[in-house]
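Labels run A, B and C following the written order; every chain starts at residue 1.
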């Protein structure tokens, strides 16, 4: 029972993963985000496009930042937004995930924005919601974080215009990173010249190359002549389970410092999905340096989420017609 | 009257320009065209009235985010963003569209304008007013009026000059 | 009660028999396999024209959920399913609740199974008390009440000293030890095969080394202790190779594979299909091919169901939070015979791996058609086309990833001790 995130005519119905999407759709998301980004500069930072729509932010895993950008995006589109922070421990004790879902659905929700600590949770929810409800994946376990990947693509496009000749390096914990998985898929679909991942073997998935990337274990070779550097957040629980000895050693090998930045092209941009661990995956001087576009990424997040929300809710007219 | 030809249209535009000059000359008006046909008409009027008649560059409105048919039709296939390169607060605005039909486009445009600020007045100029009004809104300055059966649509083209096509409704989504 | 099964194609892999004859049954016993039998008036005639008549299936591992989880399934419900699957003998692993570590539990299960009266239910006793991996269970007592072997099920024994002592003790009692090979640490870490599907879906992987490390350690201990051992549910090609080498060296080891591992692989997880969540995990295409090779060359002697009925809720949730297991009693036969349709193995090989070979591993007198022997018989319609519909399973567990699979072989009758226990 594969949930299809596209409608019959190829429009976005849910946004669960980048995998399987076509280049024109990713381009459309970025184009629409480009149009929406002007709204943030108006006196009234709001358009009535989604007036009367109800969007629920279902966060089974805490994330104030991501939730806020989704909330702001929905509000700029004039939708009604409700936030639910549900601890997974509570659901595992009594009410099942589906019970929670159907309860909220009964409030005539049009869209769920879901974050969950389990890979595949957004897919699972999309398979079980009523036909008129759209699901946006705001991060599921180690699987996907498609809106984050799209805002990263948007940021890259703003700085580099074309994707075809770019060399992009992603540094860090690829194994546990939903952001990296979605970025790698988006970059491949957009036809980036070369995608590299850099990290110790403990933090790279087995058969990593099947994702379409070149694997590097050291920064000198991995960063050579790259146009875009994406550093990933290092979760501190990785020190348990023998994946890494210490944050200090990680920084020594894979922390992005000004020195290591010199391996890349002089006009390379530095990105990070945030929040940053300064002195672990990136040195402050680089995070705040002139090649850093980290703060831009945050702003782009709102426009991308406006684009995705309006596209998914817009495709519901197609369902209404076919009924 | 019959469908206006390109020559007719030029003539109508000159008449409209004269009325505009009469009504707005002392008000330092700002000019706003509604995508896409309204922008063409606005440019044509600007040409006739001269660059310094309006107190600023041409503003364009894309009402895509203000439509009332989102739930029925969904997202407009392509959207050029609105661009009002001036402050509208306490200004006299001339809003231009190609065809006035139900009044819904004008409603959406007014809503959008008010999200930018509070103008002193808005004057609506259209090339063609056709029958079928659905809202208590009507244009102030009209090039010509046409009576068409409901199953027909008016479409303005801009290839080798402006011309109007009348075609079966449903060939594109109604404005 | 006298029964005559007429005009069937009688196949008995144990004796290499393959002949069109009648099977005559009286008082639960096969009295003759012949063209004709004088003075035999059947109370019941079964027309087996165009059908295969073979021994009832012997399943090395099926969980019936009783005692302990009767809300999920019962001995009554699951022996009905077994009969529908052509299975007349099955062995239950010791991980019931309470654990099969004392004679009372064995008697309870046998008692319930006798009442149901459709399938011989055999028990595999616990290797350690409560399967806790620390203290040896009373294996002699378990053997005395009829346990066909001992096992620690899927519960772990971390301490190698305990493993060694348990194997030595079992060897002393001439008991077969049934082993689910898995390194507890590597296994517990994940929920799917570690490979490109786990990389793509972001699910924690179980490397093949979880199995090979365990098999390797066990083979060394088997060699050292001289115990007779059987590996359950092998999932990797490398483990097949290691077992083959051990057999070549003369070690008394056998192995089985689940029917689903012979057909499914990691890619069947699709988009987090929780019905494909099973332990050990579905491995790579290459592993699957090597498992088939193992069945073909005899390294793997038995195909088992590894039936694990689950209720609907157990499979509803994000993948890693769902319970592993497949309801498999009713697909064991059609799936195994699909290998014959695909020309992977011969019909004799397929039926042997479902009947006499698992019976030999259990050390029981079953899985063959012999005059004077119990009439445990399965009759198979060999040329039907039907869709697998888990919702229509007789088992209380509808959890199967095989919905929509097209099968060609279907059980039409099952006889247990000369009694018709299933008829389609």
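Heads up, the rule we're going with is that a contact is a pair of C-beta atoms (placed from the backbone, for glycine too) under 8 Å apart; a residue touches a chain by one contact, two chains touch by 3 or more.
Bear in mind the structure is a predicted one, so any value in this text is a computation, not a measurement.
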Touch-based graph of the chains, sorted into line, ring, star, complete or other: line
Top chain pair, ranked by how many C-beta pairs fall in contact: A-C
Inter-chain centre distance, chain A versus chain B - centres from mean C-alpha coordinates, in Å: 40
Interchain centroid distance [CA atoms averaged], chain A/chain C, Å: 45
Gap in Å, rounded to a whole number, between the CA centres of chain C and chain B: 77
Where chain A touches two or more other chains, by residue: none
Residue numbers on chain A that touch chain C, as the complex places them: 1-3, 19, 92, 96-98, 116, 118-121, 123-124, 140-144, 178, 181, 205-208, 210-211
Chain A-facing residues of chain C, complex: 194-196, 198-205, 207, 270-273, 313, 316-321
In the complex with chain B, residue positions of chain A that touch it: 11, 32, 34-35, 38-39, 42-44, 46-50, 52, 77, 310-311, 313-318, 320
In the complex with chain A, residue positions of chain B that touch it: 64-67, 70-75, 79-83, 111-112, 114-117
